[in-house]
Amino acid sequence: MLSTLESLKAVAGASTEDLCRRFSKVRSFSEHLAEPLSPEDMVIQSMPDASPTRWHLAHTTWFFETFVLKRAIPEYESPNPAFEYLFNSYYNQVGPQFPRPGRGLLSRPTVKEVFQYRRLVDERMLELLSSPAAADPGAADVPLEGVIEIGLEHEQQHQELILTDLKHMLSCNPLWPAYRARTNSVAGSVIDVRWVEYEESVRWIGHTGAGFCFDNEQPRHRVFVHAFQLADRPVTNGEFMAFIDDGAYTRPELWLSEGWETVRSQGWKAPLYWRRDNQNWSHFTLAGGQPIEPSEPVCHVSFYEADAFARWAGARLPTEAEWETAAESIPILGNFSESGLFHPSSAPAEPACRPDRMFGDVWEWTSSPYSAYPGYRPLAGALGEYNGKFMCNQFVLRGGSCATPEAHIRRSYRNFFPPWARWQYSGLRLAKDA
Amino acid sequence: MLSTLESLKAVAGASTEDLCRRFSKVRSFSEHLAEPLSPEDMVIQSMPDASPTRWHLAHTTWFFETFVLKRAIPEYESPNPAFEYLFNSYYNQVGPQFPRPGRGLLSRPTVKEVFQYRRLVDERMLELLSSPAAADPGAADVPLEGVIEIGLEHEQQHQELILTDLKHMLSCNPLWPAYRARTNSVAGSVIDVRWVEYEESVRWIGHTGAGFCFDNEQPRHRVFVHAFQLADRPVTNGEFMAFIDDGAYTRPELWLSEGWETVRSQGWKAPLYWRRDNQNWSHFTLAGGQPIEPSEPVCHVSFYEADAFARWAGARLPTEAEWETAAESIPILGNFSESGLFHPSSAPAEPACRPDRMFGDVWEWTSSPYSAYPGYRPLAGALGEYNGKFMCNQFVLRGGSCATPEAHIRRSYRNFFPPWARWQYSGLRLAKDA
Amino acid sequence: MLSTLESLKAVAGASTEDLCRRFSKVRSFSEHLAEPLSPEDMVIQSMPDASPTRWHLAHTTWFFETFVLKRAIPEYESPNPAFEYLFNSYYNQVGPQFPRPGRGLLSRPTVKEVFQYRRLVDERMLELLSSPAAADPGAADVPLEGVIEIGLEHEQQHQELILTDLKHMLSCNPLWPAYRARTNSVAGSVIDVRWVEYEESVRWIGHTGAGFCFDNEQPRHRVFVHAFQLADRPVTNGEFMAFIDDGAYTRPELWLSEGWETVRSQGWKAPLYWRRDNQNWSHFTLAGGQPIEPSEPVCHVSFYEADAFARWAGARLPTEAEWETAAESIPILGNFSESGLFHPSSAPAEPACRPDRMFGDVWEWTSSPYSAYPGYRPLAGALGEYNGKFMCNQFVLRGGSCATPEAHIRRSYRNFFPPWARWQYSGLRLAKDA
Amino acid sequence: MLSTLESLKAVAGASTEDLCRRFSKVRSFSEHLAEPLSPEDMVIQSMPDASPTRWHLAHTTWFFETFVLKRAIPEYESPNPAFEYLFNSYYNQVGPQFPRPGRGLLSRPTVKEVFQYRRLVDERMLELLSSPAAADPGAADVPLEGVIEIGLEHEQQHQELILTDLKHMLSCNPLWPAYRARTNSVAGSVIDVRWVEYEESVRWIGHTGAGFCFDNEQPRHRVFVHAFQLADRPVTNGEFMAFIDDGAYTRPELWLSEGWETVRSQGWKAPLYWRRDNQNWSHFTLAGGQPIEPSEPVCHVSFYEADAFARWAGARLPTEAEWETAAESIPILGNFSESGLFHPSSAPAEPACRPDRMFGDVWEWTSSPYSAYPGYRPLAGALGEYNGKFMCNQFVLRGGSCATPEAHIRRSYRNFFPPWARWQYSGLRLAKDA
């Protein structure tokens, strides 16, 4: 806990100007993502787990209003007191929440009004950030600058969800409309997997250094990691097609029990968004329907499918400690959302002597259930509901995806989703015992 | 059957000019209803039984495209072949249908594109209507003019649904936004019910005359109607409040068994859209939240509630034959959608010597399950799916409402909904054995 | 209402000895039906709509305890006060009920204890019936003798349910165990349907005469019946096979909309209990699995299936007024439960000049929704919950089945079930407009 | 894997006589548990997760028939070939399974027939065990003796389930019938928790030694365990009452997000089987309803409740590595099923210098999701479905309960249930960071 607070305070060392610039940059990227969209695109909710774009734009604004403006400016008044209820996601300590599955029932405030709300909150935020006299009323465990930093990281998470939720919504339309036209995938060549070896050792895991991290990445602690091998690249579409052709979705012995039940009850026959016509595979992408490029990393698979593939391949998923061990010395480069591609690429990013494409392209499922690190302490107050209360029945994913902002990712970053979730850009990389 | 066709052919007697004018008038009224709406308002589906405004606008257009243009103009091409699937409601003989509960998943075609679709189809329709040489290819059981007439009546039905579905959607928003501001209800005085008496007799029931009617209003046939009494006005909000205060929703002995199960499973405590704060009743209307005016006809009650109220009041609902008997000599006047009020009114429309407000304001639940008349024949082909296949587990309502176009209603008109449905402007009028 | 009470009082004219004998006979027939069963067979509930045999045996006993013994003998004490709650089916005016879907959760009281309960209540009942001094405390609308008569009719209804619920339960067991071995069906010859004609007329419908009837058979009243034709025999298995072979369960145009939804959601492909192996049809019967005999009346079809068959056959179902008109002069003879066959027979019971097998074999679905007759009044008090509160979303069946006690049936008898129900011995007979 | 096989082979070192005696002893204990039950008690299934006693008795017999007799005796014939389908629990590699939620639909084979089935299989098993010439046909990965040992351990697991499933079934009966009368709980005194401290260290975890273990307890491996403290006794009923009185079930901040959703959707207000009348707590036990004794370990709590209690108490649940570390030197003594108490006891079993009652009384929830140990290999063939396929969305419990056979438990024993499960004898013990 102490280290989280320390790192947050360190952020405060940044100059006012830097902070204003960063604030504006993050906030405007959200709106940039909404540019190609009509109002119709922004209000529809296609499943309870996804939210309309309009809601993401309002909720991220609500976050700054609730945790910063209302705390720092006692006389602050919201443009609409109902927003506290409408745009609270899950913070019980803030108050009751409009039910998540109903986010698509709201046509008002309109998209235009939500943009006005953003404008208003941004102005007040920039005033606050620019005011040298802005004294933190204090007393709270997290200094104001830390909360602002959390708010920006929070908005970056929702930028990824804007894309993945939108992709799901558009995919429900039989017209398979494109979010943004782009050139097709480039065919790449696939080289056989090479296995990188790691010695058994007690390793330090978790966030280190002065920068920001979420509370779930701390405290840094020791883990005994047995010797293991890690594949030098993610599993590809072509490999997954071979898995399907070998009866993947018809062979219970390859699946976890819950995975097999899900396959049957949901009628799964391929990754999400895949469709087969006369032996040709195509899939829905943010550029519309496209033929599937075999050399690209496979994507939109659940933990169940990742686990079954690994079993079929005679391998397994890595633990998150193994993944973090391997990532230790690898630079954070890759195909992130800033590229505007919004699709995994088959271009290798790294020379082959170490694992390639650990960052960007696709989130990589690990075999690790999402749990607290030894000595974990959530933040105090409502912000403590950010991570800790979800440590149950979810699995950790690592490395970021083509929909993640590059500035958002860290080696110690722990993403988490339930094992059946497929609408994120989630893929896998194989591991083996040494 | 014969008589239905005859009456349809009679419509063809209308002049070309008349038909064009009528076509344009009906079509433009749909768009008039959409005027106060933002694109956001028009795409949301708030429950599986309701549809987005945008869908209604497209589906009514699809009707003319499918049943008229494609039949009369062999070379006709739809602006988008997918519309046949997307906007087919339930006509199995036309082809498969995009699932009804998913109508709110579609952001495309956008509202603007749907209006373009309307434009295009309207143009082709008016060309067709104006062309003296437009020969009906024939062979079909229903002449082309008859199909056009059905299409216009069909569109009027959807005009009512646009309003009721929209009301439901807006009511789900805690902001209770108004569709269109209007002056508040006018307080009226309520006079005690007077009972109008009718002798026992064999009566003729069903449509008569040359004008249009749906197949379910025919054939005209004889029914033995026992002597009965009918209330001279609908039940009011004030009377329903007294029912609630007397424990309505807590007394199983007042309810049909299925009604009581519905009360419990749905947690019903009042009509739909009613809310009680500190003993004051308000309700959601298309003008936003409003205090409830006791003198207005009660509205948005299910058949279950209507039936329970009648039992509590020591009366019963009329049969549809009784209702039609009473309506025989009453002029079709009342508070219909053309008034723009979209809310039941407390102003009596008739001198008290006969039943008042039989038409407009609120649909009146009858005790009659929706069944085929003796000798009933549905239309041939896909249009035969219009009415007959719903003759099961629904109850008949009579008289039209404040959301019904006046030109659409007839004395023999049979509306029907499942007994749990409450989102229509549905009320009741009491009857008694003589 | 009056006439119901009158007829009940008339029953009281029977001698004490007659009443005791009748009481004992009806009660012992229930136990006779349970003889072939193990305790295991008697406690299982295979679906929420069905009840365990043990529950039927206890509930029918509870009926006499609650409505007769507790009323007539102030000092009467139940062997277990919890029975009032456990064995109340749906009488809200008696008190709360153990939830119906949970009737199969109860292993206690054991079967043996339930038989002891029957013994005890029977003894007290016979004492009461034999006591000349047994004064009815009066005041109630239904005299004690009338209540006893209702109790016996009620028990006969449950005798039918014992058989149909048991059949459903045993059918869930892949072993298809027999309730009672019997000789196989006898192959019969099927003669083409002959149509019996009836003139248009105002008819009297409803119970007449001095004997017992339920309140829903009254008051006797006039109905205008149009000219019609009625098939001289029920539809056979062979005819239904032809319907299936003609695509019955794959053609939406043959079905009511709700029927078609049920076909799809339930995956119906044949009547309940039918199974096809290599083109050979067999079905589960109370004698275990058997080849299907084409000449027997088809059975275990829902209203939806009966309605679709009639449409396919170019005919329709009769209304209940039509059925009763045709039954007027036909003696009540047929294959009832007293025969011990518990299966429809292909043997004609009548010479062909009038409709054959109107009684027994299979209940015949009519096209009539179950509604109140004009002037209907339910019994006062809890017994008024017997019939009236179910007058919604059910359809009337007429004539009794091979599981109905012969003494129980009347020409005016109205059975009713929801349109999807198939676990009764329900079949159909066709009608046509004249 | 190797070590599992080795330990299984070691079992084969036991004498034939020993094995026969052990076989008979384990098998007869199952039947001993069924003695107080009527046939009615043995066929009812009260929820999909629980099974009827009759099913447990048959399934454990099926296990020996399927995995031993059919393998060792080629000419073996089952008394009923349908049993392979009816009594297969979840072994996809054996064949299809009768659906689990339908186990309560089967009245046949009767209880008596199931006992005959047990008799027959036991005779064949004892013949096989006694035959010195009984050559293992070999080739399989697990030697026959190993499979028999697994079968016995498997039966012991089902002995616990017989009790817990029965308890759930009887509790559904408003009569709260007793399985077996016993003397009431003895009031004990509760001493404040003392915390036992453990140093940070790399620990060896997993099964060691020659005896039997399940594959999920292997391989033995190293884990870095941080310094921690463990409570010297389980949490008591009295402590849980204080938690409830402090608003436990109304305070979302104490719960995991999924836990809180479960509390709300299930309406949880106390542990399973607890009932409050006028401030007095009672609960259902296998001896019927009883007042709750505050000094006894709390029981029938879910992981969610255990986790929330720990958070409220300012502590946490131990990891399974911590639990196993603490259990290392503690003798396996306690209140197990052999005592016939079938209820947690408040009597301390150990002097206070080390954690007390680690074994028996109640299973203790750990914070560890149920995952594979590093290097884990499931058994080959159908028996490999025993453990591995459930490693998802479950949590580990340790130490056995009052319903566990003493001979069945080990220090390395890993029980696992989903976090919402409450019908096992599951409690908790607190831990803290050092």
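Order of writing sets the labels: A, B, C and D. Residues in every chain begin at 1.
To be clear about the criterion, a contact is a pair of C-beta atoms (placed from the backbone, for glycine too) under 8 Å apart; a residue touches a chain by one contact, two chains touch by 3 or more.
Here the structure is a predicted model, which means the values were calculated and not measured.
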| item | value |
| --- | --- |
| Lowest number of touching-chain links that must be crossed from chain B to chain D | 2 |
| Most widely separated chain from chain B, with each centre as the mean of CA atoms | D |
| Chain B-chain C separation of Cα centroids, rounded to whole Å | 38 |
| Whole-Å gap between the CA centroids of chain A and chain B | 47 |
| Chain A and chain C: spacing of chain centres that average the CA atoms, whole Å | 60 |
| Multi-partner residues of chain B (at least 2 other chains) | none |
| Chain contact topology (line, ring, star, complete or other) | ring |
| Complex contacts: residues of chain A adjacent to chain D | 90, 92-93, 202, 221-224, 226, 252-253, 255-260, 303-304, 367-369, 371-372, 374-375, 385, 389-393, 419, 433 |
| Chain D residues within the chain C interface of the complex | 38-44, 46, 54, 80, 82, 85-86, 98, 102, 104-111, 169-170, 172-175, 177 |
